[in-house]
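Two complexes follow with chain A in common, the first pairing it with chain B and the second with chain C.
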Partner chain A sequence: MVKPATTKDDAHALFHSLRSAYSATPTNLKIIDLYVVFAVFTALIQVAYMAIVGSFPFNSFLSGVLSCVGTAVLAVCLRIQVNKENKEFKDLPPERAFADFVLCNLVLHLVIMNFLG
Partner chain B sequence: MRYMIILSVADLIVKSNIANSQLFSSYLTSMLSKQHSGRRLFTVALTLSAGALTISRFRISSTADQIRKILFRSQFIEFDQLIEFGMAIKVGIVVVLLAVASICEAVAIFHPISESHLSAALELFSPVAGSFSSLEEAYEALRTFEVLGIEKKPDIKDDTCNSVVDTLSSMSSNSRDLYHALQVNGLLKCKTSKDALTGITSRLKDAVKDATSLLDYYHSIGGLLLIKDQSSEVDVLLKNADGILRSIKALSQSDGRWRYSANNPESSTYAAGLAFETLSGVIQLAASTIDENLIGTLKKDIVKLFDSIEKYDDGSYYFDDKHIDSSGHQGPLSATAAVVRGLTTFASTSESLNIPEDKILGLARFFLGIGVPGNSKDLYYQIDSLSHLENNRVSVPLILSIPATVLSLTSKDKFKVKVNTVLGSIAPPLSVKLMQVFSSGSKDGSVLKQELHFDPKEAIHMLDALPEGVDIGEYVFAFEIVLSDPEHKRKFATGGRTKVPVHVTGVVKVDDAKVAVLEGDIVESEKKLDLPGKNDLALSANHLQKLHLSFLLTTPFGKPFKPHQALLKLRHETGVEHIFVVENSGRHFETTLDFLGLVDKFFYLSGQYDIELTVGDAVMENSFLQPLGSIELDLPKAPEKATQPPPQAVNPYLRYGPKAEIAHIFRAPEKRPPQEVSFAFLGLVLVPFLAFLVGLLRLGVNLKNFPTSTIPAAFAILFHSGIAAVLLLYVLFWLKLDLFTTLKTLGLIGIFLMFVGHRTLSHLASASAKLKSA
Partner chain C sequence: MAVPVDNLTKPTPPSSTLRFAFGNVIAFFILLLIGVLAFSIRLFSVIKYESVIHEFDPYFNYRVTQFLTKNGIYDFWNWFDDRTWYPLGRVIGGTVYPGLTLTAGTIWEVLQSLNIPLSVETVCVFTAPVFSAFAAWATYLLTKEVKGTGAGLTAAVLLAMVPSYISRSVAGSYDNEAVAIFALIFTFYLYIKTLNTGSLFYATLNSIAYFYMVCSWGGYTFIINLIPMHVLLCIVTGRYSSRLYIAYAPLVVLGTLLAALVPVVGFNAVMTSEHFASFLVFIVIHVVALAYYIKGILSPKMFKVAATLVVSVGLVVCCAVVAILLAVVASSPTKGWSGRSLSLLDPTYASKYIPIIASVSEHQPPTWPSYFMDLNVLAFLVPAGIIACFAPLSDASSFVILYLVMSVYFSGVMVRLMLVLAPAACIMSGIALSEAFDVFTRSIKFYISNLSEFLQTDAGDTLPGNNVSPQNEVLKNEKKEDTLKERPSRKNKKKEKENIEKPSVKSKTEKRPLVLPVEASFFALFLTVLLGGFYVVHSVWAAAEAYSAPSIVLTSHSHDGLHVFDDFREAYAWLSHNTEVDDKVASWWDYGYQTTAMANRTVIVDNNTWNNTHIATVGTAMSSPEKAAWEIFNSLDVKYVLVVFGGLVGYPSDDINKFLWMVRIGGGVFPHIKEPDYLRDGQYRIDSQATPTMLNSLMYKLSYFRFVETDGGKGYDRVRRTEIGKKYFKLTHFEEVFTTHHWMVRIYKLKPQKNRIRGKTKKSKSKTSSTTPRSGTVKKNPWH
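Here is the complex of A and B:
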């Protein structure tokens, strides 16, 4: 009698396959992913803080969350553009993408600092 | 009639509020018996009630309106309430006044010129800086002084004479200036040379020949006439008198007015007056006798002018110019003055001018009715016209004046009448008869024919005893003047029957006054009152009882008397007042306050009420406003929907006093979280950053791709430092900088950064491309 495959086993198997696939990604993409995770976590902590103490300086809360989310979004765009497997951006040199990333981040943070109050 | 309104209104206002009304009523009576013109009293009465009101002209448009205006201006709050409750009284007064108005139109008193005119003249004509501003004004002042008999000061005389001599000798003066200078010269008699006068005569004669407008004729003819009076040696006679008369007459109009010149269509009565003066001057200066027919037509023109005369209710006649003409003369006073001058000078040149005597008397009354005018020109017109009327050849008006129109029965005053000419001189021998006495409200008066006794020392006609049946009240006495010498009948204008309003005052007896508290119909407690003395009642009643007040009022002759005000006022301790009218039947006055019906009206307020009784009238010498004491009222509790008592008037001095201080309430600051929580989360936020760094290390980041050769390395370093600088700038921006400086600096750093970054990244790109190809 073969043991029926439980969902727990399936989850484990899925998780393992994902993990092994992920380790194949190039390092620079992993750095970008780490950066995105960092930004999202910071945003989540800010939201939790607001949930606890109330949203009194609402503009500050918004600017904080927006900076995290914005920079995460820009990092994702950078990852898309830098990824060599992405056929769409084959001709775009990665340094150019990085320069765009830096510029957009600087503009974003100017706006954030203004809105921070 | 105006007089009675004034009295009743002033009395109403005074009596309603002043506690010591007796003092004020006696003050008012003494004021009335002094020698004042009606206008002056009107001013005084209004001042008493509502502050200063200056009246320089005289007519009141409608009496009812005026009463209403006075009432609204009254500052006494009680008085307004009084009017609400005294509706019966108000209606009564109006009815009385209307009745009086319907009886007679000419019920007014005119006084001849008096001391007040002298003092006004001295005040109004005081020259500025020692001399008059123009010769015209100088003439007006000097003429007024001459008529009133005031001495001229010698220094003014010298100054004015200098001005006169200058004008007469100067070649540039036109006929107008010469005319005014000659007028002043006639009064001051300055030293002028015969040659100067001869020279002026020839200039004026030329001016007459060349004259086209009425004013040219007026000034030149007037000048020639004045020279004729001032110097007998100069020849001023006119050769072509007929022609001049005809050319002046050509300017006349069919309605009696005159035009100023042939091409100017505007005409006025003032011009007509000037024309007649000029015409009479021409007649006097004529070298040869003038055609009688021409003079006849001129007389007809004067009579035609008198068709446009207008009349006031009190018997004064006047001329009014409806259109303001170019010389700026306007108004009835200047027009009437001009016509009077023209008429009297024309009448002095020829006999038999057919003007009815009542019109001349009416004109005199018009000028006297002004009282004392407020400005110098009006005073001049008034005095000058009256002096012309004083001894004119048509008919001299005689004025019947009453020094005192209020008689007191208690002090047994005798009624006095004066008859004078307009300037106050003695009249010819005559007798005054009292023909009729009308009491207020009746059209028929008892017909007497009582002759007044003449006192030659004081030149006053006195009524020895008042006619029978003249009790206290308001009356109209009708007098007639009978001249002793029948010859004088043609010369003097007496005006038929003259009606004057008279007030007879006296002490009203208050008898048998008592206050009672009734239970049903049974008298519970009754107290006698001493009116108008002091009383101090202390009653008490509840809402089921009634308060009854009664007294008798009798006149000195024993007849029943109904005063203007018979009011009972109850005033609560909180200030709420209620006023009740005391009704009468004949002599007996009583009122019953049924508290059961008044509970709602009293706003269910129980407590102590002060009682006050007011009985007052213009002819009652002992009017009183007496507090009678107090009554303790016990009323039931107010039901849910009862009306609230009206809020009491705020003390006006408190209204503008300092108000309560307002403390600004600042916006409550938002609740901030405690500091520990904030710091905890600050640490918590840094945790992902640390995790990021740790993760980077775990991933094995390295700086292998960092360029090693010098220049690219320098650029790379500059690139990173540029980014760091921008981030530092942002931190500074958050901390203290403003957006503008930030943007400026950001722009500079950004340019630098773009250049540096471009170099670095292109170097890196080329390095990686080399690596790829290799």
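Here is the complex of A and C:
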């Protein structure tokens, strides 16, 4: 009787603390997080579409999903490098991090365009 | 204490930067020399024989490169080859690893545009030595990331000369490994560099280098399984950091995409079990990253709550996903692995199920002496290197240790994979030797500086100065050692540590450096140099004597000088000059590549061995009596049959020695070929004790036809060391058209079917003539 209540309370407390801790992050990081969520959401839509329609041509499906996953991963890397709380990257200028991000995205999309068919 | 120390620090900065610059210049010139060494040690075969392409596989690569340079890249991608595996053909564009041919083709194009007229063959022959120089430089870069410049230079020198790598990259060995080993080391270097710096730029370069590796060699699966293993190891040992995420996650996404771009790999990049490890660890690293992130933003109490919640829910989901995955994987008979990978995991798999893979001599496990032959001194420097890597353990050194352990296991399964062990052994040995040199030279320097300090204090200092100066000298020694140590180990992270170390050294007045007694260190230094000398002598001997044979030209020394056996090229030249362009030649699969490249004739089977049934057809034909073999070859439109025979000169790799594989492979598909029919007491024999099936087989007849004419009636086979069983016989369905000078290659032509069958009367008359007695003089017609 007491246990489920405490678990629910725990869950509520956890949710609230997560929310409050997350709202403390700077806006630029929140924008990157939004981009990551968007990319993953797009990937899920593509997977659902493939489940409905079928996987031919497979290379188009693969390139579409992997481009979404790829930009999500690269955005996470950018977030890691730009985050001021990260002590390992404190002497990396954020412009350099963004330039690397753009370069990697360029390579990724070049490969995607080639593989799209 | 501060004032005298300041006086001492002033003169050191300019001299230390001078030392830096001097050291850098010397390192550059050493690297240049290492490149020249790696190139020139592989030129023995060009000097001893000629600039010719060796062995079997390189001839196929050479033919593909010729096609590429003549017809351009679009025709190359879409090339369907109808001159091999007749009548099936082979899709070259989709079944070949294009890295090597594209590299050589690009080099040729660049040289042509610069108006340097090197032929395609020259470019192909010298590609391997050039890329081994690059591989030595890549080893320097990799080891520098792990331990520092000194270790890097030592490892590069060791790799330039290690016999195992020389064996697959001599001038003329135009095979995939020539560029693939360079790509392997370079990919690993970029991975370690990304891991050390956390820069996304190097992660991109890492993916591109991995793409080059996938283009070059089927062994790329080693990389895509080793790196996830290392990531898992780092996570499990608590070394997770955001740099690890940056090093691994973009590599998986970009790498899978790039691997899927190569036609040979295609969708295998996401569907075969060889790649599943990378996806699994991709998911794991995301879970771990999320866990660390949440741990960072929550308080510890809340984190515990979150952990219990997630674990309870997550376990259920995990079990469901794993169950689905296992069901999918178990439904395929090979559990999703390819035959070659399975034979690596289970060494007995190939001998049970795929005799073709088991028959290749490169796929056998190595013997113990081959480790010493191929690695020499490195074999026992490697454990010292492992210990040196553990002190201190970093991400990079844990990677090198894992690489070494994995490659040792795989080299124990297949002797061909000793090649993958070579760079790991060189890196480890380089680290060990460099650390040893460090200790010895440090001891000697300490002794010399103590000696000079002793002489200085003897030269009449004042008493108060006496107390100060020895301590100053000790401090100066410490600083000297620190600046000395600073040069070989110039990692970005370590600079901070040493800046912290310096003030702590200044605060201490006495610190005991790790040194050995000076006599021991002199002697040990001398012995280490001697060890290096032994290694160099062995490597040069191995390169000159053991690994420089082109195997298309053979030599032997006898009392009357040097004999050269150029029979193979003689036979191929005869074929190309004396047969029609569209004639089909049948031989055992070993000679397919050479026949298409040098004789330019269509073959039935070649070294690609992708179709087991076709090879079994040829094997059955070689094991059958003449008539049945003629039928099989006629159905394949074969005009000429080529056999290799070494009995006259003692060449041991001839077709009679390979005959047991023909029987086994043929018998695996056609059950009327039974191996016990050819064995007497469990052995293959061709002397008088041989079985009649053996003596009637096509291979026996084509090899020993007219053999007794060479030594006056005895027919002594120098390889099998007996006289042959059936000495005088005639061929009924084949005719001999060419035998080379030393009887090593023999070419036969299929006799056409007779127009008129003599001796057979018409059916209407047969009833009346059936009563006529058949005399013994009636010729038995072989076409019935």
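Everything below uses one rule, namely that the second predicted complex is superposed on the first by the 112 of 117 C-alpha atoms of A that agree within 3 Å, B and C clash if a C-alpha of one lies under 4 Å from a C-alpha of the other, contacts with A are read in each partner's own complex, and residues count from 1 in each chain.
Here is the rule we go by: a residue touches a chain if its C-beta (ideal position, glycine included) is under 8 Å from a C-beta of that chain, and two chains touch if they have at least 3 such contacts.
For clarity, every value in this text was computed on a predicted model and none was experimentally measured.
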Practice prompt. Tell me which partner A:L34 touches in the superposition: chain B (first), chain C (second), both or neither.
Written response: first
Worksheet item: In the superposed arrangement, which partner chain does A:I80 touch: chain B (first), chain C (second), both, or neither?
Response: second
Practice prompt. Look at A:N114 in the shared chain and tell me whether it touches chain B only, chain C only, both, or neither; answer first, second, both or neither.
Written response: both
Worksheet item: Where does A:P26 make contact in the superposed view: on chain B (first), on chain C (second), on both, or on neither?
Response: neither
Worksheet item: Which of the two partners, first being chain B and second being chain C, lies in contact with A:Y49: first, second, both, or neither?
Response: first
Practice prompt. Tell me which of chain B and chain C touches more residues of chain A.
Written response: C
Response to the item:
So the chain A residues that chain B and chain C both touch are 114
Response to the item:
Per the touch rule, the chain C residues reaching chain A in their complex are 198-201, 203-204, 207-208, 241-243, 245-246, 249-250, 253-254, 256-258, 260-261, 267, 270, 289, 294, 296-299, 302, 305-306, 309
Practice prompt. Give every residue of chain A touching chain C within the complex, in rising order.
Written response: 7, 10-11, 13-14, 17-18, 21-22, 24-25, 58-59, 62-63, 66, 69-70, 73-74, 76-78, 80-81, 85-86, 88-89, 92, 97, 100-101, 103-104, 107-108, 111-112, 114-115
Worksheet, complete the sentence: Touching chain A in the complex, chain B uses residues 670-673, 677-678, 681, 684-685, 687-689, 691-692, 695-696, 699-701, 723, 726-727, 730-731, 733-734, 739, 742, 746, 750, 757-758, 761-762, 764-765, 768
Worksheet item: In the complex formed with chain B, which residues of chain A make contact?
Response: 27, 30-31, 34-35, 37-39, 41-42, 45-46, 48-49, 52-54, 56, 93-96, 98-99, 102, 106, 109-110, 113-114, 116
